[in-house]
Amino acid sequence: MSREIYERLVEALPEASFEYLEEKDPAISVKTDDLFEVARYLKEDQGFDYLSAVTGVDYPDRFEVVYHLYSMKKGTRPLTLKVSASKEEPEVPSVTPIWPGANFQEREVYDLMGIRFVGHPDLKRILLWEGYKGHPLRKDFPLEGYQAIGQEEPS
Amino acid sequence: MQRVETGLRTETITVNMGPQHPSTHGVFRMIVTLDGETIVDLEPVMGYLHRCQEKIGERNTYLQNIPYTDRLDYICSMSNNMAYVMAVEKLAQIEVPERAEYIRIIMVELTRIVNHAVAIGALLNDLGCFFTPMLYALEERERILDLFEMASGSRMMCNYMRFGGVRYDLPPGFMPELKSVVAALPAFIDEFERLLTENEIVLARCQNVGVLPPDMAIAYSCTGPLLRASGVNYDIRKVDSYSIYDRFDFDVVTETNCDVYDRYLVRIGEMRQSVRILEQALEQIPEGEVSVKLPRVFKPPEGDVYHRIESPKGELGFYLVSDGGTNPYRYKIRSPTFINLTVLPELCKGHKVADVVAILGSIDIVLGEVDR
Amino acid sequence: MTLLQIAFLIISAVTILAALGVVVGRNILRNALALILAFLGVAALYLLLEATFLAAVQVLIYVGAIAVLILFAIMLTERLMKQERATNEQWWVVLVASALLAAILIFLVGAVEWQVTPTEIGGDPIANLGRALLTTYVLPFEVASLLLLMALVGAIIIAREREEA
Amino acid sequence: MLGLGILKGLSVTLQHFVETYLSDLKRFPHRYAPQGRAKRLHPTERGIFTLQYPEERLEMFPRFRGALMQLTNPETGIPKCTGCGICARSCPVGVIEVVRASEKKGGKFVPESYTWNLASCLFCGLCVESCPFGALYHTPEYELSTYGRQKGELIYDLDRLLAWGQKYAPDGVPPVEKEK
Amino acid sequence: MIPLSWYLTVAAILFSLGLYGALARRNAIAILMGIELMLNAVNINLVAFWRYITPQEFIGQVFAIFVITVAAAEAAIGLALILAIYRHRQTINVEEIDLMKW
Amino acid sequence: MPFLNDLFVNLSSWIHGFLAHFLPLWAADLVMMLFTIACLIAFAVTTIIFINWLERKVIGRIQDRYGPNRVGPLGILQCVADMIKMLTKEDITPAQADRLIFNLAPVMVVVPTFMVLAVIPFGRGMVAADLNVGFLYIMAVSSLTTIAILLAGWGSRNKYSLLGGVRVVAQMMSYEIPMVLSALGAIMLTGSLSMVSIVAGQSRVPFILLQPLGFLIYLTSAVAEVNRAPFDLPEAESEIIAGYHTEYSGIKYAMFLLAEYVNAFIVSAIAATLFLGGWQGPLLPSYIWFFLKAYAIYFVLMWLRGTLPRLRIDQLMGLAWRFLVPLALVNLLVMGLVITLTQRKGLFSLVLVSLVANGLIVAAVVIIYAFAIWRRRQVKVTT
């Protein structure tokens, strides 16, 4: 099924570039710049009206944001969409304008992983307190030591 | 005190509901802007119970994560177990013996009954009942927790499921006990309904409160009873049938008025459907093995996998990335109540303070799962 | 001096002191509390005058309703609680005038020979009062109820927030 | 409608109110279960549901995951534990610390020290599950609160664990293994 | 028996105090409170005259009741006005409420 | 039996006579008065202890548990223990609070409670003061509670307290009206405001038989008047923590608690007096009848508390203004008509006609309600 969607995507958005990842859960990899267009296309033309999960993964060479999409009407299996972000300045377009349900999830990914979602209406920490330093789910986050509460970060 | 300076006509006050508040079901905070008693704005603030579950998950081995999943939604540890275990099984492609599948389904459906009963009890507590429905719910829960304890050794933190099966087979004496509990469940649900369903005060407090239209529910990624009460016929057990749910005959409960009362009705209906599933499972359960032998050092192959189940509170998914080692490379929990909370401010605007607690109660959050 | 007279003196002293507390002092909430005390004192005076019904009504209406309204209004306008000056510029003129008025009135009270008829109140005073209200004074009674109704409607209309244009 | 639903609800609570007295009558004149061994109210029974805890206690199931115990081999009198440390490694929170003795005893390795830190234990049972020698088990003990957390109170040493093993499994077979 | 003049004196003092409050205060609510005091003083007079001069006819009490009625109406309307003004002008200081239109 | 029946009355006249031996009469009267007041206060304190225990027991039973059963036999001393705990607790005044008002409010809330007890006839001849404006006195004095609670909410400088205080005022002022209007039925039947005369007027038939509707309205508004479930919004713990007494602790909190429970008992007692015939009853001594009736009504309050969730504030006000006040007015009007029509026609016709009239009112309400529902359905279908 993901294959089909992939072919349709390639057809519909010729400028964008995709990659089909044949794995346990087949996924479609998208370039960061194309994500918003692809998301809009998937929602409006392919009926993927439901965004289940937004996940950030810290790979050694890149950050990856993974989206799991469903179609409520068709009741399909999930479509996995992957987007890579650079290690130095991770930025990904926000899909909150398309799926409002992404709001808290993107904030969470930003909070724990440090990936900025451009275009998010209110991108701030959600689980940790304002002024917390660092993003704990990154692999390079120190596993030992304490951080005093109340250290204000000049924002 | 922050005032809306635009109109100068009305004076709004900002009230912190929580983090220590009787009706936030834990340490959850809502910054509520009030005009009189009417909500103008609401901002949920969470993270007071954040325990870095996902980071800990990367440190633990795959097996060691199972007791941690118990502590996500501490009311439904069995279904959390099941979601995680199934994700790992998908990753490592492990086949599960048939009896184990049945045991899992019995446990998960019992969990669903526990969760819904407690959710309704807590909702009624928030509505101002002096604990009576809650305690009736807890009575039934005690009986079910006894069964859990009998099978797994612990009442709430069951840690019962393993990759490729369950920890132990059901103990002797479990089945008769389970049968008598299941046989008594419909009477309990009936009594619950007699107490609440037609009660005018419950109706007045719940009907047309927190209306969540279906398209909005979908847009905000709501799941579980919240979604089905909005009239969306979507149950992962049916749509994306996992385990052996396709063998059972049950209905997806939906309601059409999309309000707090319908969420209550959906929960009652799901309890009845769970009883149906349990009755069928009790008849069909075969004898046989309950687990497969795995190597002592368990290393699933490289890859990433997402698996979701219909937990009592909604879609519970685990996204696992494996680098072939003993620990997950990334361990992500898609917790239903965290994402259901996204819609809370939209639901509450324009209602009274008293409705906020009703709406929050009808979303049925557990902070262990929201904050992880 | 009889017991009643002592009681009267105590009650009136409390009442007057409370009334003084109403008009002086910066904290308007304290003023309102003093006002409640003054109302209660007046009710006690009514009791001394054997007007039990009026005493009960005084407490019910003045303390139970008007004072609550005043307290409510104070709370809704709480930001002005701590203004620097409670009185206006002509306060000393008013003070002199009021003192003068009080002096004249007290002088007049002392000067006039009151025609007192020291009889007992006959019959059931409450029944008689009710009868008086609904027979002789039925017209003013109806007018008063109409006034109350109008006040009610008027108050709601005035206090209601206008629809935003 | 018109209060009928409220009356229905009131009838349910009144029923419960009356039934608690009926159940009291049934056990009259005794207030507590005989010998304090309470049983949960059967699903079809009605009445007082709560147990009067210090006077009455539920019997624990054999699988109950209470405090840990170390078994002793009843024949040799030597602890079954070899101090291999698998339990310590399987523990997600690291509450177990094992040091293996440098000398063998009776031809087998024995632990020199074994401490279990109750304070941060999850009671998940992974240690018991992983023990290859069947030396570590759960007791049905659940009243574990103390006033301090120094050694001997919240931190259990080998002697204490072995003593519990002697108490709950004198024959070297814990209740879980006997349940079939 | 308490002399009638005692009551009248108390009423006179209360009235003067109320007058002072009504004329000297800046806060509109305080002015209202002064007026209430004056009305109470009048009522004392009415009841005292009833008791001492015409105890058989209930005219004094009846009119005291009417005064209370009027006082209640006045308080309701007055406070409603004050609130309306407050909402528009953010003040209930009578010296600042000097415009005919706002 | 006559000895038991007039036990307290005889006791008090005996003490009075004893005192009169060596005291002037006025002094003996004064001592007796003070003694009565002390008795009433002692009664209030015992009542709260007993009622609190009873309520916890009853609600416990409703919820399939025993309730307090550890301190003393049947847990009867639990409330004493609670009281001791409460009285020895630290007395906290919030830094931001208005000290005078904050400390004054608990006292102001207790005083009217004690004052109301004075006019309640606990038995034949057992009333501290038989005022000819008895009922009006009760209403007047209990309206002081409103102010005290408002001040408590305001003085605490806590937004929850303020919300609770505002709710109390709105609720108590609204429900006073149907309460008085429904009680007026009983007063009309007796022709007197005095509580003693009202009881005497029910020597043949309790007024509940003449106006069941009035009784129901009274009970509903009385429950709301004393902030009990399902109308306990001012202290709705799931919404506004503890409402007006959020910031209070220790003895001041105990005072609020005392006022609350005693007030709840008082409204039950008034209901028993106005509608159930007060202390009248065969065989048993009069005061026992009175307490039986009062506690029967109090049981209903506890039962409601154990069953029902609470209303929302707008629904609460709607219930008062849209339902109870019109109904009480209609009931009053009909009762007036009935009394005028059946004058001098005997008791039986009075009972019959008033029951028919009540039935007619209920029928009218049902019809109007059904019509409203039908209309709503029609509208729904057309849109």
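Think of it as A, B, C, D, E and F in the order they're written, each chain with its own count starting at 1.
Convention: a residue touches a chain if its C-beta (ideal position, glycine included) is under 8 Å from a C-beta of that chain, and two chains touch if they have at least 3 such contacts.
No experiment lies behind these values; they were computed from the predicted model shown.
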Ranking chain pairs by contacts puts first C-E
Per mean C-alpha coordinates, the chain lying farthest from chain E is D
Rounded to the nearest Å, the gap separating the Cα centres of chain C and chain E is 6
Cα centroid separation, chain B vs chain C, in Å, comes to 61
Distance between the CA centroids of chain C and chain F (whole Å) is 28
Residues of chain F that touch at least two other chains are 62-65, 306-308
So chain B residues touching two or more other chains come to 9, 132, 136, 139, 195, 199, 201-202
Flagged in chain D as touching 2+ other chains are 1-2, 6, 9, 12-13, 16, 49
Seen from chain A, its contact residues with chain B in the complex are 23-25, 49-53, 55, 57-58, 66, 68, 72, 75, 77-78, 80, 99-105, 108, 112, 125-129, 136-137, 141, 143
Residue set of chain D touching chain F in the complex reads 1-2, 6, 9-10, 12-14, 16-17, 20-21, 46-50, 52
Interface with chain B, chain F side, in the complex: residues 59, 62-65, 159-160, 163, 229-230, 232-233, 236-241, 305-315
Per the touch rule above, chain F residues touching chain C in the complex are 98, 100-101, 104, 131-133, 136-137, 139-141, 143-144, 146-147, 150-151, 154, 162, 166, 169, 173, 176, 191, 193
Counting only contacts in the complex, chain C reaches chain E at residues 2, 4-5, 8, 12, 15-16, 19-20, 22-23, 28, 31-32, 35, 38-39, 42, 45-46, 48-51, 53-54, 57-58, 61-62, 65-66, 69-70, 72-74, 76-77, 79-80, 83, 85-88, 90-91, 94-95, 97-99, 101-102, 105-106, 109-110, 114-122, 125, 128-129, 132-133, 137, 140, 144-145, 147-148, 150-152, 154-156, 158-159, 161
